[in-house]
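Going by the order they are written in, the chains are A, B and C; count residues from 1 in each one.
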Amino acid sequence: MLLKNTYNELIKILAKPRSYIGFIALTVLIGVILLAMKADGESFISFVTASFEQTLSFNGLILNGNLIAFIILQMLIIHVPLLVALVTGDLVSGEAAMGTLRMMGTKPISRNSFLLSKFLAGAIYTFFLTVWLAFLSLIIGQYMFGTGDLIVLNSDGLVIIPENDIMWRYGLAFCLAYLSLLSIATMSICFSVFSDNSIGPIVSTMAVIILFTIIGSLDVSTFDYIQPFLITTHMASWRSLFEIPVPYDAITDSIIILLIHIIGFTLLALWRFNKKDINT
Amino acid sequence: MKYIFIIIIGLFSGAFYAQDSAQDLLNKVVEKTSLVNDYSASVLIKPDVPMIKSLPVKAKIYFKKKDKFKVVSKSIAILPKQGFTDVNIFLSNPKNYMVVEAGTKMINNTNARLLTVIANESSSEIILAKLYVHPVHHVILESEITTRSSGTVKVNYQYSTQLSYGLPSQIKFTVDVKEFKMPKSFSTNPHKSSTSKKKQRKTGTIVLTITNYIVNKGVSDSIFQK
Amino acid sequence: MSEIVVSVKNLKKSFKDFKALKDVSFSVYKNDVFGFLGPNGAGKSTSLRCMLSLIDSDDGQIEIFGKSLRKNRFDVLSNIGSIIEKPDFYKYLSAFKNLEIMARISGRQVSKSEIEDIIHFVGLKGREYSKFKTYSHGMKQRLGIAQALMHNPDLIILDEPTTGLDPQGIVDIRELILKLSKEQGKTVILSSHQLSEIEMIANRMVIINKGKSIIEGDVNELLNSSQMMVKFSCEEPERFCDVMSKEFSNISEFNVTASEIEFEINREEISEINAFMVNQKIKISGIEHKRKLEDYFIKMIQNED
């Protein structure tokens, strides 16, 4: 019944116009960035290397598809989670608002199966959105700009990763990115269980992301204790894959925290959904 | 008496014969490098600069008289801004500078002579150059170049197969690096807290190991076009 | 007596401080068309939602097909088709796709041809691939019935199925319900706030008000009982009452207004009283009578208004 209803959920997601907003938005957004980089990418590079250019010169193909993909992936922090929440935040509350939750609630499917099928469908949707992001940023980026070493600027300085050492990092980075998007999807579905209208869970998810991102970016020692547990802190953990050496312990910690969030939100949603009186 | 006089004359002659003047020595260095019309070579670049993590990079370098120089690399190669051909260009015209001998220094079992070259023009990019020159082979073993825009660059040279052309087999640059500041707009490392700040080194090194020189065989101008 | 299909005992449900159900009990037998009657806000929908596990009751027992709903949810719901309030489907999907989605989780195998058959049965053939949002109210109701029937359940629960329909639509639904019961042997629970609707279709019924069962039984017995509420209009209501008290001592309670007297009597006594009053030269300008239960139900609705 779980798989059958997951199939149902995917049909519903595919039929909703809203589901395509994410894909279209990504295409337009990434397209704009690619064109902008094609037109004036060199000045962006100067921004990256500005601190060093007084004494050093950087030679070689800096502006390449690998760098473009990295820049685009940076958008994960705020923008793509919104596109995910736009669909997943509506999965339960949208049905409550539409009245179909009442219809489906009378069917011989357990509430756990019903809700888990929504989580599964949300996960599949998020997966395809991530794949699309990867395709546009990496494949199209490499097609337009070629490949080469990747120069990355982080708070420790510049890291230059050789071309032959990049693709496996991107593979893992997109996996981590998917995990972080999945945690957002799970959070929004959980919010959706608590609401009977479409907009509330989506806005709440965005508010949480924005608030946690702000707290995470404040360089204040007071927040040092909270930051390691914030979901948004670990949404950026894919960046660690572009360090030399790769801090696998820290990445493992991030994966664990994200998984805890995913499991926690799922359990909370299941608990609430089983107790919920369907009055809509 | 006669023998003493001959000995004294001989000593003076020997002294004059053994030591060129500072300018003469520098001229010999310049003469040697001017034998090179063009060259290409393979280079392995190993940077060790604070706040930059990079693995060694292979590249090709091309040179054509008098000031065409190009590093060709698909990989990103970090090189110092100053210290390549700019020194030779500066030294090629004696009117640009004044040279003074300022002592000696032991470098790799050689008593290198220190020539201090001071720019005559106040607008010159190179303000001061300290050159440690091999007294016999007339090549630069070590240099300290102070420039207007890039501060001071210290360079060590080693020679092997292309000693006759004065082309080094290894160049080690030591550059001053200021405290590099990161733009705030970049997201913080999720695994570092605000309290973890390391003290940064003040200098960095870039070592170039140069092999497979092809000298005076012709280098196309198209290589130097962007 | 045929077997009990639905047994609801002492059902209770509160929403925060509001007691929606205080004590609802009734039984439904096989092949019944069972009327679930009550004014708006009586607790009909809440009771039905409890029966369909949309709501968890606070107390009470619900057994369907002899099984506890709580413990055998899958088995029980697999054999029930229902419409609670208005039928809502996925607006952006066609009717056919909506039914396919419902069929997949109905607990029984429903083939595409069976879905096509049911669409034809409810009169939507030709419109099955139109998006649900293009449907009229009547068509939506038909689709609701289609999803309730397509997996061939033994029990059908319909919550005010004729609401918003035109007269022809209402007749169609009534005929369909009778057909389901008589020809297909299904048990139907039909909730309504209109006694006349129940009277036309149901064979048994329960009336609930303010979350409590009031009366349950055979429709004919309850509505055709000889007890009537009669209202006489006359110019001398006090004299009327005097005469009534002396001559008809079995009647002791009167509701008297300026020109009307209302009381409960047997049907057979109406003409007798009328003739007697005429003899007494008490002018009767009008007689209204309702069945006692009907009168009671109307008063319930009026109080609710």
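To be clear about the criterion, a residue touches a chain if its C-beta (ideal position, glycine included) is under 8 Å from a C-beta of that chain, and two chains touch if they have at least 3 such contacts.
None of these values were measured; they are calculated from a predicted model.
Q: So with touch defined the way it is at the top, what topology do the chains form here? Options are line, ring, star, complete, other.
A: Basically the chains just string along in a line.
Q: Taking each chain's centre as the mean of its C-alpha atoms, give the chain farthest from subunit B.
A: Most distant chain from subunit B: C.
Q: If you average the C-alpha positions per chain, which one ends up nearest the average over all of them?
A: Measuring from the global C-alpha mean, the nearest chain centre belongs to A.
Q: Once you find the CA centre of subunit A and the CA centre of subunit B, what distance in Å lies between them?
A: Distance between chain centres: 49 Å.
Q: Between subunit A and subunit C, tell me the centre distance in angstrom, where each centre is the average of that chain's C-alpha atoms.
A: Roughly 52 Å, centre to centre.
Q: Express in whole angstrom the distance between the two chain centres, defined as the mean CA positions of subunit B and subunit C.
A: 101
Q: Considering only the defined contacts, which subunit A positions touch subunit B in the complex?
A: 47, 51-62, 74, 77, 148-149, 151, 153-160, 162-163, 165, 216-217, 219-221, 224, 227, 233-234, 236-237, 239-240, 243-244, 247, 250, 253-254
Q: Once bound in the complex, which stretches of subunit B touch subunit A?
A: Contacts found on subunit B: 49-55, 57, 59, 71, 73-81, 149-151, 153, 175-178, 180-183, 186-195.
Q: Subunit C touches which residues of subunit A in the complex?
A: Touch residues, subunit A against subunit C: 1, 4-5, 7-8, 11-12, 15-17, 98-100, 102-110, 275, 277-279.
Q: Help me check something: in the complex, which residues belonging to subunit C touch subunit A?
A: Contact set of subunit C toward subunit A: 15, 49, 52-56, 73-78, 80, 82, 84-93, 97, 101-102, 104-107, 147.
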